[in-house]
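Okay, so chain A shows up in both of these, paired with chain B first and chain C after.
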Partner chain A sequence: MMAPALEIKNLTHYYYKGTKNQIAAVENVSLTVEKGETLGIIGHTGSGKSTLISHFNGLLKPDEGEVIVDGKNIFENKETLRQSRFKVGLCFQYPEYQLFEETVYKDIAFGPKNMKLPSEEIDRRVQNAAKLAGVKQELLNKSPFDLSGGEKRRAAIAGVMSMEPEVLVLDEPAAGLDPAGRLDLIKMIRHYRDVTGCTVIIVSHSMEDIARIADRVCVLANAKVAMHGTVKEVYSKGDELRSMGLNVPEITRIMLMLREKGIDVPADIYSPDDAVSAVRNYIEGRRGV
Partner chain B sequence: MISEITIGQYYTGDSLLHRMDPRMKFDLTFLLVVFVFACKSFFSLALVAMFTLVAILFSSVPLKMILRSIKPIVIIILFTAVLNIIYTTGGETYFKWRSIEITEKGINTAIFMAVRIILLVVISSLLTYTTTPTSLTDAIERLLSPLSVFHIKVHTLAMMMTLALRFIPTLIEEIDRIMNAQKARGAELETGGLIARSKALVPVFIPLMVSSFRRAYELAFAMTCRCYTGGEGRTRMKQMKLRARDFLALFTVIAVIAGIFVLNHFFEAVI
Partner chain C sequence: MSEKLIEFRNVTYIYETDEEDEAPSVPALDGVNLTVSKGEFLCVLGHNGSGKSTLAKMCNAILEPTDGEVIVAGMSTKEEENGDLIRRKVGMVFQNPDNQIVATIVEDDVAFGPENLGVEPSEIRRRVDEALKAVNMYDLRLRQPHNLSGGQKQRVAIAGVLAMQTEVIVLDEPTAMLDPVGRQEVLSTIHKLNKELGITVIMVTHFMEEAVDADRVIVMNAGRIVLDGTPREVFSNTAAVKSCGLDVPQSTELCSRLGVKRTVLTAQEAVEEIIKLCGGVV
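Moving on to the complex of A and B:
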């Protein structure tokens, strides 16, 4: 059997450990992400999402539990830890604030350079990542500080993609973008996944964004895994989600309300377009009878 | 973790010293520091030491914290003590080896100097332990306000200092975030020699600079939007008011200073 891309076993992380303010930011979380899968991690602000993902490449060391990447415990020794940085590409929230090089090209090349790859390979990776992230060719020789907000975001994401990680972890990749920008970005990530076949973990509090991309969803609440399952399974429990301060997408809520009224439309609808066709199907179905 | 660094050394509390007017605290600290130098005999120095001890008890700052403030200057104290023992001569000679002579006067002077340095540090750290950096700058602003006669913009300086203090924790958080982001791209910040390490800081400092400037612009804009025009005609949310306890402290300190001179007069001078 193929080893899962990423396995988290009973991970616990405390803040202010050993003081009277000790608090668990992540408590006994277990998680398995298969190769090629897209996992969405959802949670309210302060539910421990960002702390959890900082363990995936060993930036944080768990107080209890294990992080296993590609069958190996990443904290085994220095080398496995270093390799985990490249195997799990972590892209934090507002990644554009990490740009620093003179040109966009050099910035995207920062990761591969740290991997000590030969220069032709670095060049190939930079070009490829720029293409995947939707960074236009003519921007590569510009200063990253001259780019627009959306372009900066893409350049920064390309800087992580260029390491060609087996698992790409994105923390709120669409934060602060307008609705059209959000949609474009999600499409870009979906395209990246389809082309490369990589495992993708996407962290968000936007149920819409997660629904557009994830196969499976993991809901974090109060530092623990509260729900875990396919998008359909999780999103059908609207009441439970609401009690955790989360909301199913508005359009899904309307569908659920219609179902309560006895109108037999599917519940797994997450975009207005799908809703329109579902309702149309329903009406046509009734006419047909 | 880097974010656990504390700024200044304020010790949260609600003691008599904490509640005193920061201006009075500042003035009294200044007076005491000046008059520690007026002490000539062990007895006047002991008086100041006693007073300091009482003040520490009133401040609710644990003795451990006070000792911690002395730690960084232990070397300086030892260094001056050794120099004093060697270079001050007089009185009975205890030990002689070539040109090095250890005498009664030398040892007395060394002890006297050491106690004096410790007192200076403890007294001034008591001020910072019991006063938040912001109220300290407030106090400095008020105390320096006579300088505006010379067209020195005291308010602006104080505001700059307050803002700088305010942004230290924010910037520490920012450094933490940027460091993590670059580490995630394989940057090695904690290994290698001096040159490799300073080179590795470039990817951290450039984004930090950029975001500091961004924050500065945003803050200036926000302040302008709220009609900030500088110090003129500006009232304060926290009015500083001298109360009975402040005058009580003032009289105690004056009494201590008078005591210093009386004791100087009656007892033999060490230096």
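Moving on to the complex of A and C:
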């Protein structure tokens, strides 16, 4: 059987370790992400999401537990750790703040250059990543600082895609974008996943965005995995999610409220399209009786 | 009649390009006329790059119009000597809570503004306590800001503005980086300040459902105000809203697609209308 793309086994990470303020930011988390899968990670602020994903390529070392990428424990030796940096591409929140090169091209090329690849291969990767991330050709020779906010965001994501990681991890990739921009960015990531077959892990507060892209969802609350399942399984538990500082999409909330009133529509609805059909089906069903 | 607090008179703003090689840039604001009355809760919507933040920064003289005039409480932002007075009337809260906290203790951070104004220490104490109570952060006044949640940090930032006794708070996407609960905390705080203290609020947001409780909504596109009205008026025009790269709230969309005549804004209203469609309570 194929090894999972990423396996987290009983991972614990403490802050202020060994002091009286010691606190577990991530506590005994286990997680398996299969190759080609898209996993959504959601959780309230401070639930441990960003700390957890910083372990995926060894930026943080767990106090307890293991991180296994493509069948190998990444902390086995220096080389496995180095490899994990290339295999797992991490794109942090507001990545555009990390653009620094003279041109967009150089910025996107920074990762592959560090991988000591030949220059033709670097060029191929830059062009390919720019295309996948939706960075227009004519922007490549501009300074990253002359780009619009949305363009910068895409350039920064291209800078991670150009390493051609097996697992792409994105922390709040659509934060701060307008509704159309959010949708475009989610579509871009979906397209990237479909074209490359890569594993994608996406961290977000937006239950709507996660519903649009993820196969499975992992909910973190107070440093632990509180729920884990398909989007439908997780989103049907509105009350539990609310108790964890999260919320279901507005449309799902309407369905849950209707059910409380005795109108028997499904609870696992999270897009206006599905809601329209659900209500119509219900009305037709009643007429039929 | 309500008192005019901020007035945009045919305001145009063009960001300067650094080199001549660039084509002349398009105006970020293009002939904007807008009057904000005392006590009003105004929500500004628009896609990225539509001019929302530029408009926000003009309200307290961070930016001055290239053309036209912005008048705040009778003072033009173009006159340099008005700058300090205007900034005492109009406070700003930005998107990223981590970029606007300066002190290592919550109450010191809130005191920073009035201290700079040279307010008496006993008066500072009073203002800081009041401001922290208003945003429901008084119990956490001795905490270190970096140990607070995003929503709590934003409320500290709002308290900092309140302690300056500003009449207007301009918030530029204050909830963009927060989780759902943090967003709710900050929003209910802003509404409370508007209702109970009569603070005028101008809030820029990308979240349509945050606009439904405003008194008035304006939609910006390409540097102009293209829609202006109550939330119900604006969101009833789904096609126009969508053509600006925005969306209507999910409740609004669902009901309009189900053929409900009235423009619905909230989940509660949507439930009422759907129950009617289903032939009343089961």
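The rule we apply is simple: the second predicted complex is superposed on the first by the 267 of 289 C-alpha atoms of A that agree within 3 Å, B and C clash if a C-alpha of one lies under 4 Å from a C-alpha of the other, contacts with A are read in each partner's own complex, and residues count from 1 in each chain.
One rule holds for everything that comes next: a residue touches a chain if its C-beta (ideal position, glycine included) is under 8 Å from a C-beta of that chain, and two chains touch if they have at least 3 such contacts.
Keep in mind that this is a model prediction, so the values were computed, not measured.
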Touching partner for A:181 - first (chain B), second (chain C), both, neither: second
Which superposed partner A:257 touches (first chain B, second chain C, both, neither): second
Chain B versus chain C as contact partner of A:152, first or second or both or neither: neither
Which superposed partner A:55 touches (first chain B, second chain C, both, neither): neither
First (chain B), second (chain C), both or neither touched by A:125: neither
Comparison of chain B and chain C by chain A residues contacted: C
Shared chain A surface residues [contacts with chain B and with chain C]: none
Partner chain A, residues of chain C touching it in the complex: 46-50, 95-96, 149-151, 173, 176-182, 206, 208-209, 245-247, 249-251, 253-254, 257-258, 267-268, 270-271, 274-275, 277-279, 281-282
Complex interface listing, chain B residues touching chain A: 177-178, 180-188, 202-203, 206-207, 210-211
Footprint of chain B on chain A - complex, ascending: 54, 57, 59, 82, 85-86, 89-92, 95, 97-100, 110-111, 114-115, 145, 159-160, 163
Residues of chain A touching chain C in the complex: 43-46, 93-94, 148-150, 172, 175-181, 205, 207, 245-247, 249-251, 253-254, 257-258, 261-263, 272, 275-276, 279-280, 282-283, 286
